[in-house]
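First, the structure itself, so that you have it in front of you.
Letters are used for the chains, namely A, B, C and D, taken in the order the chains are written, and counting of residues starts over at 1 for each.
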């Protein structure tokens, strides 16, 4: 599905990721773990095309996207939900969702149908439908953002720390939704998370980033079982 | 940013600066010796910019004539631009210094009360003859070698007042809409004085910036004072037209009048100006050269002055040389005031020793998209 | 040569005005579009002094009065305009520029639209030359214009000296720090607002002086002379020369005047442009050149000149940091910072919900917890960057809450930032120098009143800075820009900087995140040294549990804005329930 | 006549001036919100469409409606060209606001003076007769003014509709609201910018045309509209599409009521003084709530 090979990138002079490689299976969840500064968000930005790739390759279904603009990548079937400022604040929930499906606008029916499914998935959004996004709570914004990512009917959804700033209950809900996205919508998900355990429970595969390199790549089960060890691994 | 790149840039810059200063210092422009340089002011300010073009067009014609007839003592006349920018005295001084120092101009025509007043001493020191097309009364007081070519504000007001008395006896009160610059304010005060002498009372006056966004509030206020006539005192640049249009639209039926600033093509073609409006400006008598007349119709009243300026300089220059003197501001001015009463191909002037000039003025109205000469007040009428 | 002299005189005057612009825009980083206003205020003020208030011969006094007036003007404009909202400064100054001309026309004492004429020539006491004054030196006679040029050049030199003194002083360094990141400057106990205002005032005064000179050079000031186009001209000069360099400002003025004058010749004699177009074309070409400069060389011809410091030959070797055993006595007693019941809401979300902590000298406390647990917010509350809704925090007897960051920092509570936030356009060593406290050179007045004291203080400051750099292994990078060193080095610099500030309490926000594990030990040693060697109270937010194990004497586990558990690292990290929760398990935990 | 009655004409004229400023203000506000720059280059656009109208109508003898359409087209083209040829370069290097302002101003000045050099600074009229008008509140407003008022109200409604109902409009809003996310959903930001400048160009020309019809064209006509527009956004703020329009109306009223209360020579001081006061009292503008939204989001 998605294949990243020897990805090197960073901000102006200093590299953040030095040579990251991993793959993503269709219809699976890949958990990307690691604590702040490990390079997770740089990876996201590089995948979406907001950060120039210094060397290495990014390909979806064998099609090379290394040099594609972000717009190009979205059209190639990528979708993202950012960690911070994940929505358009002054626009209504409706408009936000529509914009989520921007690259599919030529196909009105699809967009409409998507919109319905998203609203089924997040009934809360239906109540908020006509209100501007900035009046909503963090959790609602997170749902909206994930919903937007679904709107473009992508092959791969990148979720950057979806649980940030959410109450425990809300976090549970979000993670269940992510599972649903895989199972019901049949999407592949790249789940960048700090809530290791919850991520692992849903993930089919996990990689652990540490200071710009991959220190673990494998089945979640193979990760250390003892919490303390696991914590120290970071 | 590599060091050598900076080095490169700096070197480029240094060269540029050197070049600049070299050009400043070099006598290069004065190289084509022999010809007689005369300065003509240019302006980028709204209003002045318009009549500086007119002035130049007139000068151009005269230059052609004069140089065809051997210029001054066989030396052709050559115009030198003097850029007064936004009518800024400091900028003007810089340009004037260049014209004096490097181009060695023998005479100048310029305007802008502040521009002229502040540079008066410079003109005297440089020993050049200066004509001014400014109407400011202070101008000639600041310099011995400056002669007014334009009629002064007081004269304009006097003539306007007389015309009103003659043609519109019903008018007993008037108001002034003036540009809030030194010039507009002077015009307001002089007119209050001159109109007063004819028993016409100033009932209201409002100022406006040069190039106002609109004049509606000012005119509403003036019209509230129920004046029989409104005197427009802008620097020009279409403000006259705006004033007329707005006044009429606000339902003002009374008389509208102004001075030379109204003598521009945009007024000629303004239908609104065709009733109950006149302005005082310079006449182009039937005898004037055809080229001058057509140019005036095209560029406006200041064309004349450009023409007469060059013509006068040529005449005076030749006389001075004939008397075996060398060309200098003092010599030229002395000659000018000695001849005193001069008839140019266009007008008759009386150049007084105090620098003021008695010159014919004419009353114009607008008719069929052109200005219509009502009648001329010759210099002798005004003496 | 009257022309050349006139040009040079005007150039020198403008150069001084552009020096002032450089201080405000380049050094102070304030977006300023009303420079002609300061110039005009100066010109008018000194003109009024000379024409009405002063007896002849007091030229210098009049010029100084101009500077003073401009300074006051700047104060009046800057005080409201810089409060919290520097981003509107440009629009404020621009509007003022638009008003100024009309205002002057309408005021009485400015001579209204006529302006003020017959301003006396430059005169010094008994020497009051008339226009034709001249001094015969045998070979050549020197006239008043030459003298005037010399005087103005003298002033230009003076202004250059004065400004470069400012730029290269500790004060100038501070201003640049504020320009780069004022929040951090406040975190180091500096009052950013005052810094901005002071440099605005100084810049305006210099410009006002130029205005005063102009008034006496031209003997006339009128409204039309101080319009937007003059501001544009000065700005063009500044941008062309390089807004961060004093030499650039000077040079830009010369170059731009040279260019404008050269255009006369090029257009008229060179290209033979139609006569009546020349004036307009000069303006047009000037504007186009300005655009080209901005496009091709946005930073101008001259870069910012950075002082290069030479490493002293005999460096005191930093004492080897020995890993002593950690003091293990339980907290309580001897504490210097105590906070409790802290509450902070953002919108509906409670970021901090009753958290508290207590810090003691030589003790390292680590706060752990998942993102959004409120760790950083606690730091923000303690360091004054956020206002607490409720709770209390005391440093010794002093209450911290409700104080501005600068005050708190001055009390001795220093913090680092998660996103490193070093002053990117200061060199590494300058980052250290700025951070150090008690620098007399930060007071612009002292620079000139007690230069010796400033110099000696700076010398010792420099020595101390080198020691710090040595200790943190940054000495090699001392003269590199903060933005040019690697991420790890910036992280290290952040530590070095806070160490140089010499606080009693240290709040470190993820000091090791993103650091190469191979370098980690160095960081650990330094942090440990803060506490153990320097006897400081240290509190750090940390995700890397290895680090926590290594460093912490005491660990607090935060979640949902509350402290759920605290104890020795082994206790907390050993508590599997907590750890599972930390990793995202949400089964209930008894706090 | 009571004080109140005497004020009416000033109110009416102030309103009409305000609404005619509103168009340019709206354009400027749009660009400020989407691109994040104060675009004085709009002055050049204004000049282009003004002279285009003149040229098409009086020189090439097009009928007035045709000439108007042509002028609108020229305005749009000019705005887009300026973006493509000049601004894009600076935006792509994300030049600071200060530089953008300077570039815009220089463009404007260059345009002004090039026209002055090429076509002389003489004033030309498209319509030289008195414009028909109607009496309102004891004053008389001509068709050009009424036109301006109508157009700017229409534009206000139009732009709101455009942005909220049409695809490119939504695109623009998205970029204005959250540029990174806009990229994240696959919007070509460059397209959004082209639309923005095109739209701004349209509005500016729509403002220029009635102005020219009313009081002719010379190289200086654009200065007032642009400066007043800036003042209007400062007063109104950028919170909504309404804000700049309200700001413009307030400014227009200030301009005229100032004359009602004081000698007209103080007009500008009072009007721009108002700007400074607003800046100091309420920097986000009187009707601006945008920052609140931003900060909460």
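Everything below uses one rule, namely that contacts are C-beta pairs under 8 Å (C-beta built on N, C-alpha and C of every residue); 3 or more make two chains touch, one makes a residue touch a chain.
Source: prediction; values computed, not measured.
A.B. asks: Computing the C-alpha centre of each chain, which chain sits at the greatest distance from chain A?
C.D. replies: Computed centres place B farthest from chain A.
A.B. asks: Name the chain pair with more contacting C-beta pairs, choosing from B-D and B-C.
C.D. replies: B-C
A.B. asks: Rounded to a whole Å, what is the gap between the Cα centroids of chain B and chain D?
C.D. replies: Centre-to-centre distance between chain B and chain D: 35 Å.
A.B. asks: Averaging only over C-alpha atoms, locate the centres of chain B and chain C and give their separation in whole Å.
C.D. replies: About 51 Å separates the centre of chain B from that of chain C.
A.B. asks: When the C-alpha atoms of chain A and chain D are each averaged to a single point, how far apart are the two points in Å?
C.D. replies: Using C-alpha averages as centres, the distance is 42 Å.
A.B. asks: Show the residues in chain D shared as contacts by 2 or more other chains, in ascending order.
C.D. replies: 113, 116, 120-121, 265, 268, 296
A.B. asks: Can you list every residue of chain B that touches 2 or more other chains, as numbers and ranges?
C.D. replies: 44, 49, 53, 180, 209
A.B. asks: Do you know which chain C residues sit against two or more other chains?
C.D. replies: In chain C, 102, 105-106, 276, 280, 283, 347 touch at least two other chains.
A.B. asks: Run through the chains and report each pair that touches.
C.D. replies: Between chains, contact exists in these pairs: A-C, A-D, B-C, B-D, C-D.
A.B. asks: So in the complex, the part of chain C that touches chain A is made up of which residues?
C.D. replies: Touching chain A: residues 347-349, 370-372, 418, 483-484, 486-487, 510, 513-517, 543-546, 549, 560, 573-574, 576, 579-580, 582-586 of chain C.
A.B. asks: Which part of chain B faces chain C closely enough to touch in the complex?
C.D. replies: Listed in rising order, the residues of chain B that touch chain C are 1, 6, 9-10, 13, 16-17, 19-21, 23-25, 28-29, 40, 42-44, 49, 52-53, 56-57, 60, 79-81, 83-90, 93-95, 97-98, 100-102, 114, 117-118, 121, 125, 180-182, 184-185, 209.
A.B. asks: Okay, in this complex, where on chain D does chain B touch?
C.D. replies: Counting only chain D, the residues touching chain B are 6, 9-10, 13-14, 17, 113, 116, 120-125, 128-131, 133, 139-140, 142, 214-216, 218, 220, 223-225, 228, 255-256, 258-260, 263-265, 267-268.
A.B. asks: Using the touch definition from the top, list the residues of chain D that touch chain C in their complex.
C.D. replies: Residues of chain D touching chain C: 86, 89-90, 93, 95, 97-99, 101-103, 105-107, 109-110, 112-114, 116-118, 120-121, 227, 230-231, 234, 265-266, 268-269, 272-273, 275-276, 279-280, 283, 296.
A.B. asks: Contact residues on chain C for chain D in the complex?
C.D. replies: Residues in contact with chain D: 31, 33, 80-81, 85, 88, 90-92, 94-96, 98-99, 102-103, 105-106, 232, 235, 239, 276-277, 280-281, 283-284, 287-288, 290-291, 294-295, 298, 347.
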